[in-house]
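Read through the structures below before going on.
Look at the two complexes coming up: subunit A is in both, with subunit B in one and subunit C in the other.
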Partner chain A sequence: MENNIYTSKDFATDQEVRWCPGCGDYSILKQVQSVMPEINVPKEDIVFISGIGCSSRFPYYMNTYGMHSIHGRATAIASGLKASRPDLSVWIITGDGDSLSIGGNHLIHLLRRNFDTNILLFNNQIYGLTKGQYSPTSEQGKKTKSTPMGSIDHPFNPLALCLGADSTFVARTIDRDPKHLREMLKRSNDHNFFVGNLPEL
Partner chain B sequence: MTKETVDKVVIFFAGDSGDGIQLTGSQFTNTTALYGNDLSTFPDFPAEIRAPQGTLAGVSGFQISFGSSEIFTPGDECDVLVVMNVAALKANLKRLKKQGTIILNLDGFDKRNLRLAGVEEDQNPLTDNSLADYRVIDMNVTKQTRECLSEISIGIKEKDRCKNMFVLGFIYWMYNRSLEHTISFLNEKFGNKIDILESNIKVLKAGYNFANTCEISSSRFEVKPAKMKPGVYRNIMGNQATAIGLIAASQQSGLDLFYGSYPITPASDILHELSKHKNFGVKSFQAEDEIAAVSASIGAAFGGALGVTATSGPGVALKGEAIGLAFMLELPLVIINVQRGGPSTGLPTKTEQADLLQAMYGRNGEAPIPIIAPRTPSDCFETIVEACRIAVEHMTPVFYLSDGYIANGAEPWMFPNVKDLAKINVPNKDLGGEYFPYKRDEKLVREWVTPGTKGKEHRIGGLEKEELTGNVSYDSDNHEKMIKTRENKVNLIAKSIPLQELDSGKEKAKLLVLGWGSTYGAIKTAMKDVLIQGYSVSHAHIKYIHPFPTNLGEVIANFDKVLVPEINNGQLVKILKDKYAVDAIPFNKIKGIPFESREIKNRIIQVLDGE
Partner chain C sequence: MIITSLLEIYQNCNVFNDGAFFGMTDKQTKENQTLFLEHGQPLLFGENHDKGIVLDGLKPKVVSMDEYSKEDLWIHDETDQAKAGLLSRFFDNDLPRPFGVLYCEQRECYEDALHNQIDKSIELKGEGNLDDLLSGNNSWTVD
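So, the complex of A and B:
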């Protein structure tokens, strides 16, 4: 197909974007929408699958095919979709609670199977949607609603976890560096896996 | 030598779980099917792969009933009990009818075996006269097997593994069966292991010849082929029929089959069978867990495949949330539950019908899901095709409730003709006007638009959605309306299923026996007897449990009493009471084993004569 028949506006939907003011997710959405015209895939062949959490609202804002599924299972649902429809460009939107806690098992097995999908892991080191409990990437000692005296759990590093599961492409980027973020999205699309490690401050 | 002709025989093979009893049973079954008898089987094995040798817990059994007339169950009492050791005899003697035949391996009754089975030496059944009521044929199976293989240079363990062939050969002679099928099976199985192949064939023939020459087996039996409808038959187990039916449904709908599953007893054989059939475009996916298995199937369904997941009760519990998602998304999904004894891990290798209420109600929120249940091993084929039809044509998850009894049981099955199979219509026709993901047709079914379709890009999700557009909506009136719409959609399925028919008996009578699923064979067999005896009783068997056939209430109203036999603590009976306010009589057995037909018969007589 011809290059750049789309603009980023073609990927916006009529749904009102509902994240908290100042949230880094706005920036990620904008960069993803701006990268999509450059990957040269018809938008009907693109699917965004998310789990549950703030970031998982993402598919509603992308004018492609999409599914806002259940907590932790976006990776498993995307595995079945990609296995049955290898022709599709599949993007998984997940967070640190979604894919490192409740959906940890599916994440490592998706990597092991090396499905050609893109995973955007929005790591804000907190459970935002349920209003502030510590997550598997929260630093030790973090005071949250569920850890008023500081969390006692040791966080793990998503990149190390993914490498341990033999992921073949891993990257970390940040919402406040749009240029780098865009570059990583493109390289992820060219390869088969991507972790966006995006601390939200 | 006499050759006695009999109409029907029930044999029970029993031995250690390492004795190859299941293989012996299935070989005898296949040979018998090829001979042309009607038959029904019931394997009964321990949950442990290798339970302690020689103990009661380690006994594995296989029951087959075969005959010259129609057979609907593996039989109540056995005519012949084949036992490889003391434990096998102790655990199963109760199954044998008085004056029945015991074929036993003397080598399994030594001091060691007595100790392992917990039998005092002075209570050795061979010498304490406790078998006086039976006809005992004893032989040194282990010794004779070893002697027969003295020239072959394989280890003693390998030699002992052939001893089931000795017994099989012996039984083949007794029932006048050919060794041919088993020899070709052995060739296929051990083709490149010449020593093992030769040993097995040698021992098989030795058992056959031993029976022919020894004087202990004074009679030989003839069980003539059954008069069955002409056609091409094969022997089939319920799980195989389910797998083949899924492939048929895939062909009839033109959809690729995606089968996501996690290993679990007794459902795994469906995965094994399907993974052999990639030539039909089948994708079998062994997932990392039960949740991933159902989720992947939902993902595949979103992509336009026929998504199927299978498990047993504990797995359904894990899949619950995702099944709710499929219901909410209104995507087709078939959930196979091969039920086993519960709760929790329960009795993994035993049968039960105790997951009906789980299928009916086991989700958060208002999420009614259609339920359909096969009644015999071969009926699994037709029923799973029907489950797929309902799922696809009505865009909904569907529960298919099989159980361990029919999943592992076998019977002859006449190949269906492709042209007799109904086409499954995929709801992908444009409904006209502007596209909305939740626009519905007259059956309240939405259009199944899959990724790759230009101009109809849309997003779906587990949040409550606005009618028509499918956009997220927290509006309270809309929520109630959507709950009712989804419920009505499922209820409308009743219009596309057959009316409830009686299986036997008159339209009006004193008693209706109302069953579902695998109790069919036992009820049907019991009905033959009680109808001959003149009792005023009829039998209906429900395949469509949710929604019920539209006339079920009228059918029930024609009877004074309704008896509901179930292998659970009373589940269908609760649904019937709820729906029709009928004071049905529950009849329950919760022992991990199927009903015997005489139990049903006695209960029917008790209900009717007790008036």
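So, the complex of A and C:
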């Protein structure tokens, strides 16, 4: 297909965005929509698959194919889809609760198998959709509705976990730095880009 | 060669966990709390890049650039899995939080291996027949 036949508006939908005003998810949505025209994939060949949680409303707001699926199972469903349709561009949208608690097992097996998918793990260190319980990435001592005396759990370190599962690409960015976020989204998708030798200083 | 990408995005929940990452975005603190990785470049951070990271054996250490040169510092190599592991452990300690690509390698993806195996199997044994498979001789009797 021709380069850049789309604009970011082509990836927006007519759905009312139902995140809380001021949520960091808006920034991520905007950057994903702006990066999509640059990946040069027809819209009908792009699929966003989510689990359950605030971030998992994401597919409603992307004018592509999408599945708002089962808690923690976006990774499992994406694995099945890629096995049957390797030609699709598959994006997995998940949160720290969705992917690291109930979906932890599916996540590590997708990583070790190395399916050609892009996982966007929205880490806000809390269960937001259910109104504020501690998550697998909440820090020790975190006071929430389910931990009124402070969490005694040692939190997951998501990137150390993913490296331990032999993930082939591991990166981190932040919602409030849109330039870096955009750069990392492009890099996550750019399968052909790979560094060779280290440049000299 | 295609890869699974895992991008962790720190995302502020302004209702139930507001400010969880503000130290990494606030103008007063972010320079000292964040480390932006670039392949082939030294690990520099702080105001005006006045600090760097060196490796003391396997232990990362923050040093002042008044006392060290760029050539002394840890050079980021996103193909180095062992160092990526160390970077991922810049977490809840006195080290800055790394942003960017910690690790990247090329490995055959699952779906390619799967379809290659299916193609090879068909080449060796033909298309096959589900009814024949179900009525085949690999069965057992329960007494």
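Following the convention adopted for this analysis, the second predicted complex is superposed on the first by the 190 of 201 C-alpha atoms of A that agree within 3 Å, B and C clash if a C-alpha of one lies under 4 Å from a C-alpha of the other, contacts with A are read in each partner's own complex, and residues count from 1 in each chain.
We take it that a contact is a pair of C-beta atoms (placed from the backbone, for glycine too) under 8 Å apart; a residue touches a chain by one contact, two chains touch by 3 or more.
It should be emphasised that the depicted structure is a prediction, and the values quoted were computed from it without experimental measurement.
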Side-by-side fit of subunit B and subunit C on subunit A, or clash: clash
Partner chain in contact with A:Lys131 - subunit B first, subunit C second, else both or neither: second
Partner chain in contact with A:Arg187 - subunit B first, subunit C second, else both or neither: second
Which of subunit B and subunit C A:Glu16 touches, first, second, both or neither: neither
Comparison of subunit B and subunit C by subunit A residues contacted: C
First (subunit B), second (subunit C), both or neither touched by A:Thr173: second
Partner chain in contact with A:Ala83 - subunit B first, subunit C second, else both or neither: both
Which superposed partner A:Leu120 touches (first subunit B, second subunit C, both, neither): second
First (subunit B), second (subunit C), both or neither touched by A:Lys43: first
Segment of subunit B intruding into subunit C (one of 38-46, 92-100 or 578-586): 38-46
Subunit B/subunit C common contact set on subunit A: 79, 82-83
Residue ranges of subunit A in contact with subunit B within the complex: 13, 15, 42-49, 59-60, 62-70, 73, 76-85, 87-88, 105-106, 109
Sites on subunit A touched by subunit C in the complex: 20, 22-25, 28, 54-55, 79, 82-83, 86, 110-111, 113-128, 131-132, 138-139, 144, 155, 157-160, 162-163, 167-177, 180-181, 184-185, 187-189, 191, 194-195, 198-199, 201
Residue ranges of subunit B touching subunit A (in the complex, touch as defined): 256, 258, 260, 283, 285, 287-289, 291-292, 295-300, 302-305, 307, 321-322, 325, 329, 451-463, 471-472
Complex contact set, residues of subunit C against subunit A: 2-17, 20-21, 24-25, 36, 39-42, 70-71, 75, 77-79, 81, 84-85, 88-89, 91-92, 97-112, 114-115
